[in-house]
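Chain lettering (A, B, C and D) follows the sequence in which the chains are written, and residue indices restart at 1 in each chain.
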Amino acid sequence: MKERTIWEQIADSFRSRSIWMLHYCTGCGAMELPPTMTSRFDMERFGVAPMATPRQADILLITGYLNTKTLRRVIYTYEQMADPKYVIGFGSCTINGGIYFDSYSTINRLDYYVPVDVYIAGCMPRPEAILEAFNYLMEKIRKGEADGWKRYRENYEWYKQNQIRSLGEVYVHDEFHE
Amino acid sequence: MGEVKLFFGPNHPGMHGNFSVHMYVEGDIVKRARPLPGFLHRGFEKLMERRYWYSNIALIPRICVPEPDINEACYAMGVEKIAKLDVPERAQWIRMIVLELARIANHLMAVGGVGGPIGLYTASYWGTADRDRILDIFEALTGARVYHMYIVIGGVRKNLTPKIEDMIWKTLDYIESRLPDYENLIFKNRILHSRLKGRLLLTREQALEMGVTGVGLRATGVEYDVRKVDPYLFYDKVDFEVPTATDGDAFSRVYLKFKEISQSIKIIRQALEKMPQGDKVNVAVSKGSALRRIVPKGMAYAHIESARGEYGFFVVSDGKNKPYRVAVRGASYPQGLYGIEKYLPGTRIEDVPLWLATMDVCAPEIDR
Amino acid sequence: MAAYKALFNLVVAFFLVLSLEGIARKIMARIQRRIGPPWYQNFIDLFKALSKHPFSNGWIFDFGVLMALGGALATAMIIPMGSITWTPFPNSDNFFVIMYLFAVGALGMAMGMVGSGNPWASIGVSRALTQMLGYELPYLIVMSSVIFFYKTASIHKLIELQRGGWNLLVMPLGGIVAFISLMGMLGKKPFDIMIAPAEIASGPMVELSGKYMGLLHIMHVFSVFVEISLFVDVFLGGGSFGWYLVKFVVVWVLAVMISSVLPRFRIEQMLKFYWGVPLGLAFLNALFVLLGWTL
Amino acid sequence: MMSSMNDVVKSLEGFNPFIEEIDEREVKVTVSPDRVIAVLETLKANGYSHLSLMTCVDWIDDNQLELVYILFSWKDGGKFIVSTRIDRNNPKFFTVKELWPVARFYERELHEFFGVEFEGNDDMRPLFLELWDEKPPLRKDFDPRDYSRKKFPDRKYEKDVIKEAKIFRGEING
């Protein structure tokens, strides 16, 4: 890995302590996010705050299974986010398909389509596990190891190829996307 | 000013779950709206055909996330109806307690959750935090916070110990003591009245024609509750009321949910008192492994009153070790698809998240 | 000397408001029964936003953001902080100058955000401008009665003329109306209609990424400084630098506590609200001032 | 069977139904396809006005699709399962969207998952799936496992049996 300059190190330490996550519930793991956010576990004390649009967000939470229809939107969303951006995959469904391993509409592994920095195991992960994952991600960012966004840029062709293999077409066709 | 196309979701903070409404907007008024479900489609009905009768219990709680126990209960009741199984009496009472606890959890989240669309975040913080107390009971009883897999075919998985009973009593007291705070914070707030009262009106005829069940129907003044009309478990043996309102607007729907919390507390207390003691909480499923159980030929429809309305499982068996077909009636199917198309045009942009919140449009059970 | 004082204004505004915003998050957290982020969280957020690699949406967008920041910076530079000692430009701290300069920032933001081409942003901007129309009307009526009463529009002279008693006590109706308008200016609930995340996906900010977000956050910081300083100077009688800071903090904390237990209005309810009781009270206040019935 | 349901069943006798009692408040009525609409109308007029569910069962061995309408009465809590069988190779039926508007979406769903055409319902755009390129997925001859293998690559695990056994025995810390 390349040495980081001093400015990059400072920027990384800021990035690690202010994580804005995108408020996008892609799957059922999102059910444990409200307890994590609210009074009992209170993830705002670590600097993690929900954000409304992908433009402002630093981190994309893939909360559980992804079906092909959502995966198209997730790829849109991921590409709309500003660098540096990070991805957390929630639950066993993002790791190897989990309980939906034989479903005709859900994907089996997430890092084939978008780069993932941290996976959380479990179905569904408990709030403690989510907080632990956030802390782990912060540690990774501080050390400069969370480089999924660079990998996506370097291996763009490979990711696109995988996306097209599973989705047929990444672009969304409906009355709103002419 | 011409029509503007706007996405409401799937990635929008006002959206509950992963669902999308495409709107054509003129000024602030919605001219046309089109629901776009399917972001959470996992093909449950196909997957259930590929798994054994018993292993489906692990799969189906995932159909509906906010209140997963109704799935297991419905499925188990449907299978018991086909197989003509007699469930031990204690297990029935325990099922009732679990279902009502799940209803309280869901309603706390929904009542607080109405704070999201209108900006009263303190309410949603309180609601979610108090819901966690109920999740603690579930964790002690079943070992899991959200997906319990506790109600199984022929009973429940484990017995309710006196220690957990004690915990339930204490938690109910706590939640009852919190209710006045919610009343003061949410239902006595005049800005909230002006936001919710008289908005998103549904008349009784419209609600019945649309096929809405649950709070959306009861807010129009009829006492239609599956627990009363078609009693399952022992709901005919406990004493409770079905709160109704006559306005049919967003406010009365939220307020009814709030009132149902105290009714559920009442039901659980009665159930804890009336429950017979004993260790038998499930019937022996079959000789050998539970996975090899065979259910005789037949079909049945079992439905219960979930927090959002009538929730049903249609189970078909062809006499083998796997279900032949399972179809799910999501409680929010009518209001989530037909209701959005028919009743959102003419409202304002701000009312769209309110429709989703007060009518309880739950995306995973529509998509399955 | 004036240039140093103006620079000092900016430094105070930046550190004061950013830490107060952090404290506000802490207060909200306590009301919601949780711990909340550390008070310096907003500094981290701001520097992180500035360290990101943003997207631009064309030159109108870029120019709008810069214009918004410039307008707010210029206004913050000429605001007096409590007394003549801390007034950078004693000859030009006229109320009307401040209002006009302040409008440049708001218009710049509107231009840039509409330039992003996102319909949510357009809706948010139209709401923000409607809201300006709502709160400015009672506010300006109160301010003009104040100016009529003291026969001057210079802020530091207004501060000096309040030696005998705070303006809030001299004309309590006007003070209350100005505070209600201040809530709308700050965009605190129940008047956070233009950002309303659950309705219009945070409105004007919807397309802002990275550095643009950071720049607009700085602009917001200076706007808050200008708005609260005006209220403190005109209605709470300014005072020495220490007193000024204390009054500033008190006004801010009060606004935060009110906003944390209220839901937000709809846009037409907001207009109805501002053009109802506050506008009536403002006119009544003007009438009292004309008739000389002040306390 | 409850007495109120008994009366309703008697009024259906003209349609030559096959009645099957599942439970005290649940009755299955099987009729031929051309009489279904009339049966549904009769039941709706008799208070069974709530369409709980409309679904389909694929009986691949008989080469038939079974359409199922479940009606519920809020008055007495009775449920009628009205079912009929249509040809599987050329599945065509009539819409009931005039009786229950929400049926439009159920029919769209059945069209998508079983390939059933509903005459009179012209809105047959896909509802849940996007860019679907196979046979209707809920038919019995569709294998989701094969489809998943073909389209969605799985994670490869290298299985080290000896190491796993050691972990089980507690010799090393997995």
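Note that in this section a residue touches a chain if its C-beta (ideal position, glycine included) is under 8 Å from a C-beta of that chain, and two chains touch if they have at least 3 such contacts.
Computed from a predicted model, the values in this text were never measured in an experiment.
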item: Given chain B and chain D, the chains that contact each of them; value: A
item: Identity of the most central chain, Cα criterion; value: B
item: Pair with more cross-chain C-beta pairs in contact, given A-D and A-C; value: A-C
item: Distance between the centres, which are taken as Cα means, of chain C and chain A, whole angstrom; value: 36
item: Chain centre separation in whole Å, for chain D relative to chain C (CA means); value: 59
item: Whole-Å separation of chain centres (CA-atom averages), chain B against chain C; value: 44
item: For chain D, residues that touch 2 or more chains besides their own; value: 128-130, 137, 142, 144-145
item: For chain C, residues contacting two or more additional chains; value: 32-34, 197, 201-202
item: Per-residue multi-chain contacts in chain B, two or more chains; value: 5, 12-13, 38, 41, 43, 46-47, 50, 125-126, 129
item: All touching chain pairs, where touch follows the definition stated at the start; value: A-B, A-C, A-D, B-C, B-D
item: Chain C contact footprint on chain A (complex, rising order); value: 11, 14-15, 17-18, 20, 23, 38-40, 42, 44-47, 49, 51-53, 55-56, 58, 81-84
item: Chain A to chain B touching residues, read off their complex; value: 22-28, 30-32, 34-35, 37-40, 50, 52-54, 65, 67, 69-70, 73, 77, 99-100, 102-106, 123-124, 126, 174-176
item: Partner chain D, residues of chain B touching it in the complex; value: 37-38, 41, 43, 45-47, 49-50, 81, 208-211, 213, 222, 224, 226, 229-231, 298-301, 303, 310, 312, 314, 316, 324-325, 327, 329, 333-334, 337-338, 342, 367
item: Sites on chain B touched by chain C in the complex; value: 4-6, 12-14, 25, 28, 115-122, 125-126, 129, 185, 189, 191-192, 194-195, 348-350, 353
item: Interface residues, chain C side, partner chain B - complex; value: 31-34, 119-120, 122-123, 189-190, 192, 196-202, 260-267, 269
